[in-house]
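Here come two complexes built around chain A, the first alongside chain B, the second alongside chain C.
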Partner chain A sequence: MENLVDLFGVWLTVLLTLAVFSFLYRDNPVYKIAEHLYIGIAAGYTFYQAFRTTIYPNLVQHMIDGAQKIQAGDPAGWQMQWRFGAFVLGMLMLSRLVPSWSWVSRWPMALVVGAFAGLNLIGYARANLVDQISATMIPLAGRMPGVNGMLPLLPQASPGDSSIINHLVLVVGVISVLTYFFFSKQQNKPLRRIGVVGIWFVMITFGATYGSIVLARVSLLIGRVYILTDANQPSMGYPFVTGAGLIIAALVIWRIWLLKPDDRNPRG
Partner chain B sequence: MMGSGQQSRYQRFLEAFVALDRRWIFLSVGLIAIIFMNIDMSLPITPSDQSTEVYHTIESLKPGAIVHMSIDYGPGSEAELWPQHVAMLRQLLRKGAKVVCSSLWTDAPPMIEKGFETVLGELQKEGITKQRGVDYANLGFKAGDRVAIASIGTSFRQTFPTDSMGNPTSQLPIMRGWDNYRDVDLLITISVGDPGAVEYVQQAQSRYRMPMIAGVTAVIAPQLYPYYQSKNIRGFLGGLAGAAEYEKLVGEPGRATKGMNVQSAVHVLIVLMVLLGNIAQYLLKRIARS
Partner chain C sequence: MRTRVPIFITAFVGVFMILKFFFVTPWISLISNELEQWGIVTLAFAIILGVLNLMKINLKTVMERKRDWGYKLLLLASMFFMMGAGGLQWYHDVMAGRTAEACEKAFAAASAPNAPAAAQQDAAALKSQKDAARLAADKNAFSFSFYNIYYPLAATIYSLLAFYVASAAFRAFRAKNLHATLLLIAAIIVMIGRVPIGGYIWKGFPWLQDWLMIWPNTAGQRAIQMGAAIGMIAMGLRVIFGIERPYLKG
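After this line comes the complex of A and B, so read on.
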């Protein structure tokens, strides 16, 4: 029985993977089936996880424990009931379903936005402002405690030390990029020139990010190919080869018999 | 000197090449991936500073050190993050660290269980046995993104009243004697996006200043360099390349190392297509001018 479940799982994985890949040919019903299945299952699964691991233990169970303490005469149980407020605010979000009452949902939303902004303000201020400014203040020569060694050409420097070139790139990059985005003063010729250096830094950063994105997308393909080739075992009935054949056959039937002639744009 | 017929055929070829249907490129990439996955070859891999730092940070942990490992990815990013996840977990458990896993992504809890199952199976073959709730724990998923991270920092037990199996967290032996990030020896996040490494730096590391390392997808990696430079994170693994470097550092080449052969081959194809496309465009322009 367990083997049958495994077999079904492997075939389902392979067929759905190939169905999603069929989009590379063009939008088609096989892809649509996989897409709808994914969205439906993801929505249901997310709700289940949120209820089981957050709403139930952090709200329902917490309040039940509090109620039990109240029954036992422990006043601490009353303090545990404050989460009822979270329940009320959560229910107010559902007022969006009734258009005439949808304005009520702004209250919990305001609380969420406020809490989010407050938390982010502190996090950004520390990690993205203070720490980054501090990390940019580096000496171009000599050594500073807590900072990697400076000049690798100096006799005391170790092989792992960052080089003066790195530090120069950092300082020039920060100053020139900030100059490019400095709009409080009309940019004269020298400032514009520094700004041009800055835009080069920005472009190189974008290029590096784009390269990383390509790397990540190819990795995703590698992962899928691993799954397809690993599953393609004789004991499983060659799901990859058989599945590919089935999907191609389905696409051919759809293309020849079901697709309207007007939609048969080969480059679609 | 080409005749007019020859020139027009040559021109037609260039025009056809420039207007090549992208699906031929998809097909070529797919074929190259399948072919190079089945070829045994080893390209040189040089571990970067940030990968080496990850290795040394884990290696410097004392037995019994408390490690919070936030697994924030699902099966969709398995190719990049699974090798990192397993390699780090293996090293942590071998070092005798107490590993507490949790997640901010709904599809991650099965990855946590799969990670433990895989690594514990391997360790058992080496004669090392670990006990759930004593040496490791899975606290499961928690909704709330940044708010959840801030809450975890304040109290693990209040944020996770129960573990993924429904056991009260406060009764787990692994959770005794500590409850927040001030008591944690190392924070690790293996993440695919938001919430992930950047959010952990902002909401946890910058506040509690505990050592932190990360394993991220290649898309996220460029965002972590500033935090690495400012020492918010001690090191990080970026994508499949990072995982391959880590496999080299721990001396156990695996799927990431093999995957890098495919990466290299596909990159050569992409660079070749870009170059050939540009050359074809240039030649077409020259023909049009002449």
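After this line comes the complex of A and C, so read on.
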């Protein structure tokens, strides 16, 4: 029985993977089934996670613990009952489902926006501003802590090692890109020239990021192809080949007999 | 009530979140931590609201037999199935936890000096119950749906982007001017340097790729991060002082 469930799982994985890949041909019923199944499962999973990881421990369990403390005569339990306010706000959030009362949902939204604006304000200032400025304050020549002797001029065998050129690239890059994005004052000739260097760095950054994204997606694709080929065993009934055949047959039937003439050329 | 109360709530909560970092006093920490928890719970309710809204819209389509209602029915069925399976998973986890706890106590009692033979038998019986409960918690409809439906669909949908990113690359990577050429060269170095064939073509490619990512790329990313942080701080202050009111829309 357990083996049968595992086998069913492998077939389901392969069929759903192929169903999503069928979108490469065009939007079709097989893809739509996979798409709606994904949204449904993801919504159910998110609902479960919201309850189990947040609402239950942070609200229900917290208040039950508080009530138990009150029963035991501990006054700290009363303080824990403040959390009831979160429940009230949560219920007010659901008022959005009733159009005539939807304005009440502004109150909980205002709390969320205020809380995260305040938290992010400090968090961003610390992590993305102060820490980044501090990491850019590096020596451009001479001795450096952690480097044996003087800072070398050229990059070393290990690309991450410090050198004068590397540090110059970092410092000049940061200053020039910041200058390029400085719009508060009309840029004169020297500032514009620095900004030109800045845009070179921006282009290199975007190119490197784009290259990384392409490789990450291709690596995911290779992973999916491995799943399909690894599962294609005789003991499992060749799910990849059989599944591909079934999906292609379904697409052919749909294209020839079921697709309405108006939908054949969606691009006009 | 409709505009002033939300503005007051945002300002009050936002100020307390900032005060928390600058004044380490018990009452400020207490209030701000409680407000933070309220925000977290309210956000979880926002997820519930999203799911209920999805339910409402799709149920309407199914009831009125509108176009594609069959797909919406599948969406609703799979959503309810996953919620039910999640509830079952939770129950199994709780039972597994309780059995494990009881088993530990029984083993402690059985390993005590002069423990009766019955205690050892109880411990052995509880161990088999514990294994059965753990198996039920590890292998059930929830984990099956997660590993055989949710994960393959999510990974494949993201991997589909490889084709679209590659086709976009053909349009973006054209050496029309110096800026586009820099973008093209950086992307090619990163892509070639990270795959084994890059090292076979020229041994310097992996080194160049690493260097490009560590130094010039860091410089660009760092400056962009700093700019974004300044923007975030300005926007945060505008929201807290009620100049920007995104929550009043809709």
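The working rule: the second predicted complex is superposed on the first by the 245 of 268 C-alpha atoms of A that agree within 3 Å, B and C clash if a C-alpha of one lies under 4 Å from a C-alpha of the other, contacts with A are read in each partner's own complex, and residues count from 1 in each chain.
Note that a contact is a pair of C-beta atoms (placed from the backbone, for glycine too) under 8 Å apart; a residue touches a chain by one contact, two chains touch by 3 or more.
These numbers were taken from a predicted model, which means no experiment stands behind them.
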- Query: Which of the two partners, first being chain B and second being chain C, lies in contact with A:P234: first, second, both, or neither?
  - Reply: neither
- Message: With both complexes superposed on chain A, which partner does A:G73 reach: first (chain B), second (chain C), both or neither?
- Response: neither
- Query: Should A:S134 be classified as contacting the first partner (chain B), the second (chain C), both, or neither?
  - Reply: first
- Task: Considering only touches as defined above, state whether A:K32 meets chain B (first), chain C (second), both or neither.
- Result: second
- Counting only touches as set out at the top, which of chain B and chain C does A:V113 meet: first, second, both, neither? second
- Query: Between chain B (first) and chain C (second), which does A:T46 come into contact with in this model arrangement: first, second, both, or neither?
  - Reply: both
- Message: Looking at A:P190 after the superposition, I want to know if it touches chain B, chain C, both of them or none. Which is it: first, second, both, neither?
- Response: neither
- Compare chain B and chain C by how many residues of chain A each one touches, and report the one with more. C
- Task: In the overlay, answer first, second, both or neither for which of chain B and chain C A:V174 touches.
- Result: second
- Query: Is A:Q61 contacted by the first partner chain B, the second partner chain C, both or neither?
  - Reply: first
- Task: Using the superposition described at the top, list the residues of chain A that contact chain B and also contact chain C.
- Result: 21, 24, 42, 45-46, 50, 54, 58, 62, 115-116, 119-120, 122, 124, 127-128, 132, 135, 160, 170, 205, 208-209, 212-215, 218, 220-221, 223-224
- Message: Could you list, by residue number, the parts of chain A that touch chain B in their complex?
- Response: 21, 24-25, 42, 45-46, 49-50, 53-54, 57-58, 61-62, 115-116, 119-120, 122-124, 126-128, 131-132, 134-135, 146, 160, 170, 205, 208-209, 212-216, 218-226, 229, 266-267
- Task: Give every residue of chain A touching chain C within the complex, in rising order.
- Result: 2, 5, 9-10, 12-13, 16-17, 20-21, 23-24, 32-48, 50-52, 54-55, 58-59, 62, 79, 82-83, 85-87, 89-91, 93-94, 96-97, 102-103, 106-122, 124-125, 127-129, 132-133, 135-136, 155, 157, 159-160, 166, 169-178, 181, 198-215, 217-218, 220-221, 223-224, 227
- How about chain B: which of its residues touch chain A in the complex? 21, 23, 26, 29-30, 33-34, 37-38, 49, 76-80, 82, 106-107, 109, 140-144, 146-147, 150, 159-162, 164, 199, 201-203, 205-207, 217-219, 221-222, 226-227, 229-232, 238-241, 255, 259, 262-263, 266-267, 270
- Given the complex, residues on chain C that touch chain A span 2, 5-7, 9-18, 21, 30, 34-54, 56, 68, 71-72, 74-83, 85-87, 89-90, 139, 142, 144-150, 152-163, 165-166, 169, 172, 178-180, 182-191, 194-195, 207-208, 210-230, 232-233, 235-237, 239-240, 246-248, 250
